[in-house]
Structures are given as C-alpha cells and as structure tokens.
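Order as written gives the chain letters A, B, C and D; numbering starts at 1 within each chain.
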Amino acid sequence: MSYNSFGHLFRFTTWGESHGPALGVVIDGCPPDLPISAEIIQRDLDRRRPGQSRFTTQRREADKVVILSGVFEDERTGGLKTTGTPIALEIQNTDQRSKDYSDIRDKYRPGHADYTYHQKYGIRDYRGGGRSSARETAARVAAGAVAKLVIPGVTIRASLVQMGPHKIDYENFDWDEVENNPFFCADKIAAEKWTEYLDEIRKAGNSAGAIIEVVATGVPPGWGAPVYGKLSADLASAMMSINAVKYVEIGAGIEVASLTGTDNADEMRAGENAPYFTSNNAGGILGGISNGDPVVVRFAVKPTSSILTSRQSVTTANEDTEIVTKGRHDPCVGIRAVPIGEAMMAVVLADHFLRHRGQTGREGPVGF
Amino acid sequence: MSYNSFGHLFRFTTWGESHGPALGVVIDGCPPDLPISAEIIQRDLDRRRPGQSRFTTQRREADKVVILSGVFEDERTGGLKTTGTPIALEIQNTDQRSKDYSDIRDKYRPGHADYTYHQKYGIRDYRGGGRSSARETAARVAAGAVAKLVIPGVTIRASLVQMGPHKIDYENFDWDEVENNPFFCADKIAAEKWTEYLDEIRKAGNSAGAIIEVVATGVPPGWGAPVYGKLSADLASAMMSINAVKYVEIGAGIEVASLTGTDNADEMRAGENAPYFTSNNAGGILGGISNGDPVVVRFAVKPTSSILTSRQSVTTANEDTEIVTKGRHDPCVGIRAVPIGEAMMAVVLADHFLRHRGQTGREGPVGF
Amino acid sequence: MSYNSFGHLFRFTTWGESHGPALGVVIDGCPPDLPISAEIIQRDLDRRRPGQSRFTTQRREADKVVILSGVFEDERTGGLKTTGTPIALEIQNTDQRSKDYSDIRDKYRPGHADYTYHQKYGIRDYRGGGRSSARETAARVAAGAVAKLVIPGVTIRASLVQMGPHKIDYENFDWDEVENNPFFCADKIAAEKWTEYLDEIRKAGNSAGAIIEVVATGVPPGWGAPVYGKLSADLASAMMSINAVKYVEIGAGIEVASLTGTDNADEMRAGENAPYFTSNNAGGILGGISNGDPVVVRFAVKPTSSILTSRQSVTTANEDTEIVTKGRHDPCVGIRAVPIGEAMMAVVLADHFLRHRGQTGREGPVGF
Amino acid sequence: MSYNSFGHLFRFTTWGESHGPALGVVIDGCPPDLPISAEIIQRDLDRRRPGQSRFTTQRREADKVVILSGVFEDERTGGLKTTGTPIALEIQNTDQRSKDYSDIRDKYRPGHADYTYHQKYGIRDYRGGGRSSARETAARVAAGAVAKLVIPGVTIRASLVQMGPHKIDYENFDWDEVENNPFFCADKIAAEKWTEYLDEIRKAGNSAGAIIEVVATGVPPGWGAPVYGKLSADLASAMMSINAVKYVEIGAGIEVASLTGTDNADEMRAGENAPYFTSNNAGGILGGISNGDPVVVRFAVKPTSSILTSRQSVTTANEDTEIVTKGRHDPCVGIRAVPIGEAMMAVVLADHFLRHRGQTGREGPVGF
C-alpha cells in the first residue's frame, strides 16, 4: 500500500510540493534494456509546462528533468538504456515566489484542498497548496513518458473536447490539429471560438472547466484483469486522481444510461485474422479487458478554483472572511490536463501489459 | 497486488463463478470486537437477490450466506464478534441450469466479456459468463455489509436516478421511498412511470441502462489520502469495477465542465464547531480528502447485453454468426446495482477510515 | 496490503481457525490453462495430514480438499484446467473436540500466541489456538501444490536434517529415503536413531525442536528482484511465517560468519552453455537473484509448546496459575513442517517466476 | 507491489546506484506533525558512513542528506515538522572513481551479483556493482532515522556479536561500549581482540564475516499481525534484504532446534499491571505478535566478496578467467551493517505500529 504510488508492476511514486526545492518520481519495475533519454521525457514535460500561452499560468518553470538512476550507457549506441532498477527523475522548482501566498496562510481557499489537508494532517504547507498543487502532475507526465517506452506499439493521443459549455464538433475531429492551437484541441474551428471565450473568462478573473478525451490505439485484446484490476477501473482511478477531476467515462460513457441493449452492445464480424467490432460503445474494454478496439476515456476538469473574484470563506480559526486568490493561475486547467491524461493512460497500459505478460506469458491475445 | 482483491487495510478478495458450486469473499483486516451476524449480512444480500420482481432475473437463488471464520462467540451476549482474523463468507449456487448456456459455447455474445476472457486466458467458463457474471457482486454486497460495521457513524443510501432516458425529479427526492418500489428509486412519481417503460422494454426482449446515485452522510473531514489514494480515485475505481459500469462522477460531476470558477467552488462559512460549505459541488471531497459534507457518487450501468433480439456476432473460430441470448436476465441490471453501489461506497470508506486512523492516530479531523 | 495473504503475482489468502467449520485458501493470479485436479492437491495435503504415525498429533482430520472455483473442464481431456480466475480451495474441519480446550479459556499457554492475540485484539478464539493453530498450514500446502503446477521445471524437496540435538550425516543423504521413514529424513540411519529419541520425548510428555532443509533444483538464473523483493528475503519471510519457526538461513547460512572471503565466495568456471559455480555457499542466490544453482533454505522449528508437564503461567485476569496442556499434540511439529516448507518454497518461486516474466518478458536468463 | 519498496503503512522506496550522481529514498505514509531535521537523519548516516576507521572502505563519501519534500516549518519552534506527505531524502555521490571498475566490465566477480544482474536484466551497471552495491543501505539508514521518530517510546540498539569465528562473551555485554570501538561491539574485551584479527585479515587482502544482534526495547504487546504479516516474518525479510546477509534468527533462534518443549517455552508470572515472562527465548514475539519483551534479532553477514586474492571466474562471454577485485573495500562489511540492522528494525516496527493502530484503534495492548 502507498498513498503516493500508482501501479503494480510498472509502479511509480511521486513526491514534492509546489514551493519546495524540487519534485520528482521514482519508477520501479520498468523493463530493462529500453532506450531512454532525458530529452524524450523532456518533450512530454514541455507540453505540460506552464507559461506557454496567455491561457496557462504565468509561473515560469523550466521543468528541466534530470535522470538520477536506473539507466546505463549502451556501449553500442552511446545512448542510455534502462537497467531494470528504479528510475529516479527530478525537476527543480525555480520560480516559487512564496510571498504570493503569505496572505492565505490563515484562510481556506474555496474549492481548494486547504481545509481538508489541514483537518486531516493538523499541519499544511500553504505555499501554493503544497502537495495538493497541480505541480505534482509534472511527475506524472515524466512517469508517463517512460511508460510509453514500455508499450511502443501503442499510440496515445488526447484532445480537449469541451471548454466551459462549448463542445467540439466531432465532424471536424483531426488529431493533427492538436498541436496547432493552445488548447490541444482536435477541432480547429472550435479552438478558434474558444480563444474568444477564454479571453473573456480570463479578463474577468474567472475560470472555465473542460472535458478531455484520451484515446489509445494499438492495444491488443487481453490487457486488464477482472474483477478489481479491470482496465476500466484502473483508468477511472488514474484519471480521477488528477487534480480537479470530477468525472470519468469509458467509451459511450454516460450515454449508455439512455441506450437500450439493442443499441449499446457492439456487434462483431469475422475479420481476416480476428473478429472486429462494428462499433465501439465499449471504449475498447469488455469485462475489464481490452478488446482490441481503441481505448477511449473522457474526464472532466473543474474550473480553476483560484480566481480573482472575492469569495466567502473562513479562517483557520473558524471565523468568517473573504478571499481573493492572487498569484498566477490557469484560466482553464483543463488545457494542461491533456498531456497529463495521456500520461495516466500510458502508465495504466504499461502496468497492465506487464501484468498480462506475467500471468499468461503472452503480450497479447491467444489469437485464432 | 491482486486481481480479485479490493482495499488496503480493510481488504477483501472475492472468488467464484456463475455456475460453480459456490462463491464467496474473504475479508482481511477487519477490526476486532465488532458485533456481527449472518443475519445482518443476509439483509443486504436479500436486497440484491435476483427474482424479487418481474424486473430482475428469474434465476432463483437463495443467496444464503454462511460465516466460516473470523468470528467468535461473545460470552456476554451470546452473539458473534469479529476477532480481527480473516472473515470468510460463502454462498452456495443452487439454481445454475447450465444447459441454458450450451449454445453459446462456441459464440461470443456482443457486449459480454466472452471474447476478451477467451483471448486473454485461452480458456473460458462459458456457463453464465463464468467469472464475468454479475453473480460476483453478491460477494461485494456481503463485504459491504461487514464494512458498514466498521463505520457505524456513517449512513449510506442509494437511489436509481435515471432509467433509460428517464430521469428523476430531484424535487420529489425522498429516501424513504427507496424501498417502496421495485427500482430502489427515491422519486415515487418517476418510479411509477418507469414501470410502464420497463415493462415495454422487457416484453420487447430488450434492456435499459440506468444511473445510480450513492450518498454517504456522517463522513468526517479527513478521510482519503493524496495523491493516488484519493477518496475520489478509490470511489471511481470501486464503482467502475462493478459489472457494466461505464461512467463515474463525484458531486457536480460532468457539470463542472460547464461551470465557471465563480459558480463551482463551494464557499465556506463559520459554523458553531467547524466551518460549513454553502453548496456541495465537490461531492464531499476536496483534494481527495473528505470535507465533512455528504459524499456523493453517481455511476451509469449499461443496458443488459443479454437480449432476445438476434445480434451479429462471430464464433470462436472467427466465423460470422447470429446470436440470441436466451436464459433468465434482468431487463435493467441497474436496479440491482443500487445495493452494490452502496456496498462499494462502504468498503471504500471503511478502508479509508482505517488508513486515516493508522497514519494520524485520529478517527476524524483535528478540529478547531 | 493484507495480513493473511502472501505473494504478489501468484498471491494467496488463507482463512480459518482450528475449530471453525472449515479452512481454506484463495489463490489469485494463477496462470490459465494449467491441468489441475483435487487429487494432485490432496497428495500434498496427505503428506502434511496429522495422525499418520505415533509421532504426529492423533487428531483425525481427513483434510479433504474441494476446488470451488477457478477451474473449468478441458474438453479434450475431460480433466480440469485453471482459468486464470481465483482458485478457492476448502477443507472441512471434522474432528475438533472443542471440549479439550475449555480449561484454557482463562489461561495463557506458555509458548503459544494466547497472550499476544488477546492483548492485540481484545478477543480470542481459544479453541485450539484459533487462527494461530498450525492447522492454517494445510491451506499453505494446498497453495503450494498449485504453485508447483506453475513451475513444472522446478523440483522441490525437503528433509528433516536435525531433530532435537541430533543432526543427520550428510554423507548418508539420499532423497529417496525421505518417504521411507516417519520423519521425512533423507538420512536413513539418523531416522532410525531418532525413533528412539522421539519415543522417549513423547512418553515424557515433552517435545523436540527440529531443522528442515528445503532444496529447489531447476531454478534458472534470473528469478528474484533487488532490493526488497530479493528471493532470499521472500524465502526468509515465507519460512519465518510458518508456525514455530525462529530461524532461517540460505546456503551456508550462519557458517558465513566464520568464513573468510577467500573461502566463502563461490568461484565460477566456463560451462558448455553457461558458466557454473564450483561450490554453492550462496545457496543459489546472489544479490537476491537466483544463479542457476540449487536454492537451499534451512529453518528451525521450536519444540511444540503444548506439553504434558505443568508450567507456570497466568490467567487472563493477571493472576499466577499452573497449566498442563492436554489435547492431542505433535511431539515434534518439525516433522510436519517438511511438506509445509516445500509448499512455501513453491509459492515463493512461482511468484518470482511470474514477476520475472512480467518485467523482462523472459522465463529465465538472457543466456550466452 | 514494488521491487524497491519496503513496508505498508510506513513505506519507503529507495533508488540509486553506487556510481550514479546520487541515491535517495522516498518515505510515504509517515504520520504528520512529527519534529524532524536533516541533522537527526545525518546522525544515523554518519554512523554508517564509510572511511571512519581502517576497518571500513576508504571511499570518502560525505553522505550528506538533504530533505526535499514532506516537511514544513513549525511556526512555534522554527524547526521542521512532517506534513504527512512523501518525504524525499537525497544523498549526492561525490567520490565515485569509476575507473577502478573498468577491468571488471567483462568479468563476473565471484560472490557478487554481477552474473545474476546480467542474466536477469541483460544489462548491468558494472561500476561498483551498480544497484547491488551496499551504498543503497545509506538510503535504508535514512529511512530508519525517520521511522524512529514514529515510535519514540522504542529504543533500538545493535552490537556486533561475532566477527569471523570469534564470538563475544555475553557476560561482558554493555550497550555503552558500542560507540567506544570501531566495531560497534558491546563487549569491550572482544573488540580489543578483534582489532588484531581484523588487521591480519585486512593486510592479507582477505575479509571476515560477522553476526549482528539488534534489540528493540519498549515495544508494547500487540504489534505484528498473523499469519503472513508476522512481526518475525517481516523482520526476517527486512534483515535478509540487507546486502550479504545469509541468516536471520529471532530470540533463541537456531538453538530452539536443540531445546525440548520444557526448556523452550517462556513461562509467565503475574506482574503489577501485566504479566511478565521469566525468560525470552521467544525474542519478544509469539504467534508473530510482540509480547512486550525485548524484540531480539540476529543476522549473519558474509565476508566481503571483493578481496585482493586472485579468484577463478568467467568472462561475460563464458570463458575462464581470473579476477582480483581492486578498489576500496571493507575487510568486514558486518561492521557497517550494525546501524543498517537498527534501521531495518525501526522501519519494521514503525510500520507495524501504524498497522496495529489502523486495525484496532489502539497503540498497544488492551491491558488488564
């Protein structure tokens, strides 16, 4: 058991606070002999990094990752390889500005974990939320980058599919657009409209919620294990553990409530080497096990609770007060949740790949 | 690690197939010296039991539970008490009718786990879905009944809040109505309407999805642990692990996507002994830790995949075929998911209660 | 985490008390598609079964095992196969004679766990020691029998190598002798001498300690994982968890303290396909990982604490008393620890086999 | 599951290689609000630190520990306190001299883990043994220093009780002597004799084994949990996981084999507030649960395998070769195992303290 670890065979532990000297992750159980580099991890971190547009926090963090263990020189290529021992990754905090937070030392910010951390532990690091800060997600993204090395046949992509009340039009969906706008949005037209919307929100000192869709293709049938190690259950836990997430769905998700059995169950047809499904309401998972179709997960991120509007709150002495959260914040934290969602998909799949291989001796299905 | 276990300090392992001789659960880590009886467990099992109305499967199972270990006579009362050692509970299967399933031996049923179990393991117990059958949930309900003994100050209730496309009206919400209709529905008027709807569905050999809401009151601030042991993450995993569940949300859930920061964050006011929240969009959880408000979880159950309409499928030899699932099935499995959702809420809370007590030495918050 | 579970990928949970209706084990994570039968498990149970000679307890238990889940008919052979789902095994208790224990309800037996269970839990099942009884080891032996199916290339054997102060002569060591005497002793001559010794002990109402050696051959290099999942650490935990065990060693064990570096480190020579070691002080384990040599573990079992001599003790009210433990007991519990030690070796190796396969994708070493 | 983590509620994960940039440990689950400082951890690290006498390796490492997370300023005292979030501790490697190891790149050192790491992972960091180096134990000692803060009522001490074939005389046993000689030996006279013995060994380029005894006093009855979470089983695993350990015993240990039941079982007498034991063959543990007596563990460390005598070995291409291990090594690694054994005792006890408190709500026994 562990509070700050995730996974079983591919298992990682994160540590660090928003305003401590550094944060990091230790990845245990990674297969040996995989080519790895700080650069490949940095690439994913850079996508999550703050301060890249006016729509994310202006905190300036280089988020430069260093590999401290678990790798060794590959004499043939001169590059690094994993050795099978724990991979420790570390990121220095460089732009903390603790003074920004001094006025919330004695107040609980609505929507934040200030109150619950204090009541649970009797002590809290109030600077930037301490451990409850979304800075922890940098460590997840680093772990996810390593997880992707474990499952090279799998492609993981994500897109913002709703910002505030505004949804994308799936007719326009194009993965290639995701990197072309500051929202990681696969619908070019929606992204344009969102610019205006979010500018308004931002200027009003307000914030917006969002929904992210994460899709993994190339997952063979057979990953995931009933009944409490279901791929769907682990994905739900993974996504719900991300800061500010309040909702998770697989495949048709909430829509299944309204469907009849006739409409919901994906029919099958004989394919060349294996059967295929004529639809994917299941989101690639049946009985908690991947069925070969794309694994589709969606989750909702609540609007940033740190806003410039004055809010009613209480002091740590249980007295009424008002609070305005200054500091540098994201008008829509959902944006930066896109690479985080990809990372959590990667760690769940890497773990289940290893678990499946351990139990069955195969990397995929028995086949036909 | 374990595939068929759930929880950490309050941890249980379920076993058994739909058409094996029995199914059961072993609960490990239960606190000692708690009064317990087969009757108190049976009461919860009876609510989940099939065959209680025309809206649930006609399979006739007594679901009679036996306590095999972990209890001892309390000499003072003559009743039983937990001893702190593993509690083994067992339920015999008595109405299996294996012949009903012989025609699906060589076919994969759409929407079921037949294909994925086969491809994962290379062998499957096709009788009633084997391990993937919802009969496993009887074991969860039994575990949940024991979990409730661990947290006597907590009240857990659930209601069906949507059947097919039909939602309840929260204006009519009354917990006392839940046991007055065959749907465990807190809205008396909705329940009446649903009768007609589900009769139609049933007669058409079709099935309907549903949404269940589970609410726990009396949970003190402080349960749940960041960042991967969040109460919300464990609830998401718990609910998503139930058969046929495709969506889970906490508090305002998917609605948070559409809210602005001003509207979403629950404000606080000073109360007599502790602060209180003026709304509960958070569903009782902030930063993964309970905040003292009711813990609110909703999840969607897909329509039963076993329907009488012919569906396209494939054989285990990857040849096209058609399939009609005979046998005795629930027109809306969501109904029986109500006590199951309550049970999963109970096991998550009991586990986090013990974890919180272990780490902090307190059963609740530090207080004011 | 779990108190009554062992292992990670091959993980089992035992339950049951000495005088409850039954005891059992649930094995989770067993690979699918392995031929299995109740008979193959019964064979190992029969070796541990009490009442087989005058040197073991006269309690008459058939120890008849039943498989309740996790298996399915192999249509080709008509036999059973594992399905990859939890295997529940159950053994009824048939000869409990609870009255034998009524006089110890209010007294703590020296050398037993009566005092510690009571002080830990505040309640104890005093009948035969309840959960602390060595009857729990039947469940281990059943789990071990299944574990052996997972690693068919490995041969596990054990022998009593010391009874009381009397050691075997390794010159006489012959595995074929183990089943020819009531002591599971590989030294025929020692076994003969022990008969007289143990008869004396038994007639005096006394008991004797013992040392058991367990050897696994056929373990390839590569199983076990640094640094806390070392094969040696897991074997130490496995053996020390057996009732009455107070000492565990690997290979040369305690002798390494007296050796110099020159004498201790096993030298290597080039073999046909792989190097070999010219000695085996390491007991087949280097750095926590198997090296291809036989894995050798030894452990000591203390003399049965239930003896007919009156002993000083206290009551549950902390008053001085005397106690004579009646009932039916083993003069040397070490004898029946032989099959138990084999079982624990099997479960550790099966677990590490699966863990190694999960992490590396190989079942053995990289080779040359 | 995790390969490089230890414990359940008090759980830590170590990382780092002998010749990487740093090594460290992440401690998860530590109770909040405990006073802590780098100095208090450093004190324990300094006892393990190499280069303190001619009897330990001349590698010069400052072993300076830094706290990177999990602590916060206590406003009242100005000191640091734990916050309940993960505590990351890091130690830079400063004196690596990788060139010393270049000649063993293609050879397996006898007694070392070179061969098994290579065969398991297909790749190994040969510099100083990489992950298999005893440098990892610095991280354990750091974790142990934090564990001691969790159980302030417990005193943990250790002594070398045998070096090579030379045992201490328990008549001379005096804990106060432990810090007065370079061997952490409680027998002043033995320590003097050992100086001469070890000087000879050292000058001959040879090495010596040792036995360490660790004793914890102040452990209340009730810690430890049957049947696989026994205090004894976890201690066995903890000690056996230390580099070079081949044997572990509790209390009378191997001696129990030779004792009869009359001699072995510790008798009890009524004490003022609780019963006491008239002897401690049990080593403070009955049925896997502490009984209030000192917890006594002994373990043997094999002689350092790195010696200056030429040894037969093979190359990574399976060809015969000879090897002399140069570099800077301990003539008796058992010496520095003394603070490591204390640390492992501390982490096991801290974990079981929290587990006991979680399950029962008490910190000790029910009492009389």
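The definition used in the following text is that a residue touches a chain if its C-beta (ideal position, glycine included) is under 8 Å from a C-beta of that chain, and two chains touch if they have at least 3 such contacts.
Everything numeric here is computed off the predicted structure, so don't read it as measured data.
Note: the chain lying farthest from chain C is A, by mean C-alpha position. By number of C-beta pairs in contact, C-D leads over the other of C-D and A-C.
Mean C-alpha positions place chain A and chain D at a centre distance of 38 Å.
Mean C-alpha position of chain A lies 45 Å from that of chain C. Averaged C-alpha coordinates put the centre of chain C at 26 Å from the centre of chain D. In chain B, the positions touching at least two other chains are 1-5, 8-9, 14, 29, 32, 84-85, 120-122, 131, 226, 355, 360.
Of all residues in chain D, only 1-6, 8-9, 14, 108, 110-113, 115-122, 131-132, 136, 162, 164-165, 201, 206-211, 221-230, 232-241, 243, 245-254, 256-271, 273-275, 278, 281-283, 285-292, 300-307, 309, 311-314, 317-320, 334, 355-356, 360, 365-368 touch chain C in the complex they form. Those residues of chain B lying in contact with chain D across their complex are 1, 8-9, 29-32, 84-85, 226, 354-355, 357-361, 363. Looking at the complex, you find that chain A touches chain D at residues 1-5, 8-9, 11, 13-17, 20-24, 26, 28-29, 32-33, 66, 68-70, 72, 74, 81-88, 120-125, 130-131.
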